[in-house]
Amino acid sequence: MSHVLQVAGLKKHFTVTKGFPKPVTTIVRAVDGVDFAVQPAEAFGLVGESGCGKSTVARAALRLIEPDAGSVRFGDTDVLAARGGALRRLRRRMQIVFQDPYSSLNPRRTIGRTLAEPLSVHGIARGRAAREQAGALLAEVGLPETALDRYPHEFSGGQRQRIGIARALALQPELIVADEPVSALDVSVQAQVLLLLRELQSRRGLAFVFVSHDLGVVRWFCARVAVMYLGRIVEQGPVAEVFARPRHPYTRMLRDASPIPDPSQRGVLPRVVGEIPSAAAPPPGCHFHPRCPRATDRCTQEYPAWTDPDGHGFACHHPEPAG
Amino acid sequence: MTAATLPSTSTPGAPAASVAPRTRSPRQLAVRRFLGRPVAVAGLVVILAFIVIAVAAPLLAPYDPIATSWSAIRKAPSAAHWMGTDENGRDVLSRVIFGARASMLAGVVSVLIAAGIGVPAGLIAGFAGGWTDTILSRIVDAMLACPFLILAIALAAFLGPDLTNAMIAIGVSTAPRFMRVARAATLDAASNEYVEAARALGNPPWRVALRHVLPNIVPPVLVQGTLAIAAAIIAEASLSFLGLGQQPPAPSWGSMLNAAQRFLSQAPWLAIFPGLAIFLVVLSFNLVGDGLRDALDPRRR
Amino acid sequence: MSGSLGARIGQIIPTLLLVSVLVFGLQQLMPGDPALIMAGEERGDPQVLAQIRAELWLDRSLPEQYVHWMDGVLHGNLGYSWRIRQPVSQLIAQKLPVTLQLAVMAFAIAVLIGVPAGIVAAVYRNRFWDYLANAIGLAGLSTPTFWLGIMLILLVSVQLQWLPPSGYVPLFEDWRQSLATTIMPAFVLGNAIAAILMRHTRSAMLTALDQDYVRTARAKGLREWTVVLRHALRNALIPVVTLGALELGTLLSGAVLTEQVFSIPGFGKMIVDAVFNRDYPVVQGVVLVTAFLYVLLNLIADVLYVVINPRLRGA
């Protein structure tokens, strides 16, 4: 099977210097060796607690930041090697939707200008033609054409997010990376935006990398999912599999902490315990061992290898039983 | 979000709620906020009045500002000479009116010089980061370590005393402040997700800088610019007062005050009116600057 | 702390080096030949000119000149005044105490006016006293130092005849006379700083008054002014320390004008006289020394800041 997006060995470390009068330099291993692949028209989820490196993966995959190591392939193209025109052509094929609908739209520009920009950058349409296309995009995300001459501050968060989606659609990409696209919205609005995304996915055959810290949303939207912990993927597989029979204790902890539709399951299992250790000083061995109920001595010394018996992989010395 | 609230049917995304009837751009909104502040508007009116005075000085001045008259030396204010006459029998009102030219010109030109150097430097530093930023920031630190007026005096001294050099000296000494403001605003603007979106759309870096980041540094630079004009007018008056700016007999408020000092007990009006003029103009620019800051950044206070 | 101090000094050195390049570079702006100026009467004599050029290294390349000049500076040699034929460092050492006396008095006056005004403005936020303090502050910021000085002389010396309009008596000669000659200039000089201090104290106080522990104190029934003075004031002192260092430049700039208006033989008057005498080494020396003072004082303020505000330690 050919992939739209294939990420291998991705690493990104940040050097942070802060503190006065004693500046301390720390290296944050935001992403520390991540592999995954997305199929055409597939919704691929990336979940994990805040700070585990999801956004960094998303940005590095789109080459909005330069990763330190690893490879990213889009179709047959090496994303990290692309320059100039080649990179520009790639950008047409993969787009991003951001979390914050307030900072993701330029407050000084009318919606019409914002939506026309991608068209003019790539020489697709200008002037009247661009405006028509922009209007059609708005209609596709459920906004009236009159919005073209308005400014972002006149719209609600949900409406802005629709505009952000319309901008991402303008270039007719094959892949959309959505970085927590509904996390900043009211619960009632979240549902509408999610529906819109799913509709677009089926209508346009879009592939998604769907980043979220919300298991419920990922479960609903995605076909496959990768669970991240402190810069690494700890479990990966079909959504139904992973959440129904988690093999990694961290995944299980996340699942048990998130509300579950089946009332009989609720309240029986422990909540997420312990603090998230920092990516600046990840614990030795398995990063998760300070919080892990199954941890043994071995876990404190040795990072577990990746095991993938049947398309449902995980990195754990003592996985939860498969049954 | 709970799973129960997730959409389970395939109704299409609900159409958006109705939108407000009238569109106002952020700029229009800022103008309205500014006009809602009477003191700032008053300041603007005074500034406009002084611009008119400077431009129309030959029409407004009752006398020739440099014509001496031995029959009218150091006369107190009267119907003929509203602000009195100076030690050479020149009409003080006419000199104050013509003096507006030097002050307004110096204020505007030196700030244009300062912004012309500082804003591109700040934009480059903020955008490029790394070594470029470090080097530019260190140069700015070094310039800011020299007291503003002392640096301007030294520059004016080495360039030679006249109004043009004073404007250059003030402009160069003010440039680091613009660099700092522009750099901070660039970093702030560049952290917005819409800048990242612009890159993701395939805009080349220069276009992202010019189209998306630059417009965002306009408001803080505008505020800084207005306040800097106030400071530059004081600086020009100071240099002229010290004899390093406008050279006599051409009138400027600072050099008039220098001459006035010698006749303080005999002719105090010589010292009062030029000083009041400086005070009024500077106060107005400060009021407008404060008003602009509040109008452009409604989040503050 | 020692390690952090080292880091801070490490940051300062490049800044000071750049200042030195800047000050050295000033020379290059000068129209005409420095040797001609120095030679004075003897400018017609090519032998004298050649000798002066050799002495000042004017016949060498710019980098050589800079290194030579820097070597001197590092050994405390800021060159010789072209007019008075005295070492610049010696001249500065004579004049600096006068200006420092003025600056210290000015800062004290500014604190005495600005801090209480800022506190009152914060406590009566958005009420009459706040508006009044802000209006006076803005007026103070908009008044040119030298004009304020002239107006004060007009009122206090010419009209009321309370204080001498000009002159200076050193502190250790006759402290009463010294105060009489410096109180007016110090007030003039402190005026702008007072306005700046007022603004910063006000906003620091507003922040402090919103803090939980202040609210708690208030809830415990302490009187408003007790709360303000006992709990919030400490925080208001922080901007005073930082600003004291940051506004040294304002003080020294203002001193140039104030000393000119009141004929006080300080640092500021020296630079103006030097400019008119085209005594460039003195001008350069003054810029260099003021910049050095500024950097040093800011270093001290940074350290003090941490001492006053223990929460920042190890942050």
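Residue numbering begins at 1 within each chain, and the chains themselves are lettered A, B and C in the order written.
Heads up, the rule we're going with is that a contact is a pair of C-beta atoms (placed from the backbone, for glycine too) under 8 Å apart; a residue touches a chain by one contact, two chains touch by 3 or more.
Computed from a prediction, not measured in an experiment: that's the story for all the values here.
Using CA-based centroids throughout, the chain positioned farthest away from subunit B is A.
At the centre of the protein atoms shown, by the Cα-centroid criterion, sits B.
Distance between subunit B and subunit C, defined via averaged C-alpha coordinates, is recorded as 23 Å. For the pair subunit A and subunit C, the distance between C-alpha centroids works out to 54 Å.
Distance from the subunit A centre to the subunit B centre is 46 Å, each centre being the mean of its Cα atoms. Within subunit A, no positions touching two or more other chains are listed.
The touching residues of subunit B, counted against subunit C in their complex, run 138-139, 141-151, 153-160, 230, 234, 237-238, 241-244, 257, 260-261, 264-265, 268, 271-272, 275, 278-279, 282-283, 286-287, 290. Considering their complex, residues 59, 62, 64, 87-88, 91-92, 95-96, 98-100, 103-108, 110, 114, 117-118, 121-122, 141-144, 146-147, 149-151, 153-156, 158-159, 162, 164, 167, 171, 182, 187-188, 190-196, 198-199, 214, 216-217, 219-220, 259-261 of subunit A touch subunit B.
Residues 1-7, 10-17, 19-20, 23-27, 29, 192-194, 196-204, 207, 212, 215-216 of subunit B are the ones touching subunit A in the complex. Residues of subunit C that touch subunit B in their complex: 14-16, 18-19, 21-23, 26-27, 29-31, 138-139, 141-147, 150-151, 153-154, 158, 165, 248-250, 252-254, 256-257, 260-261, 271-272, 274-276, 278, 280, 283-284, 286-287, 290-291, 294-295.
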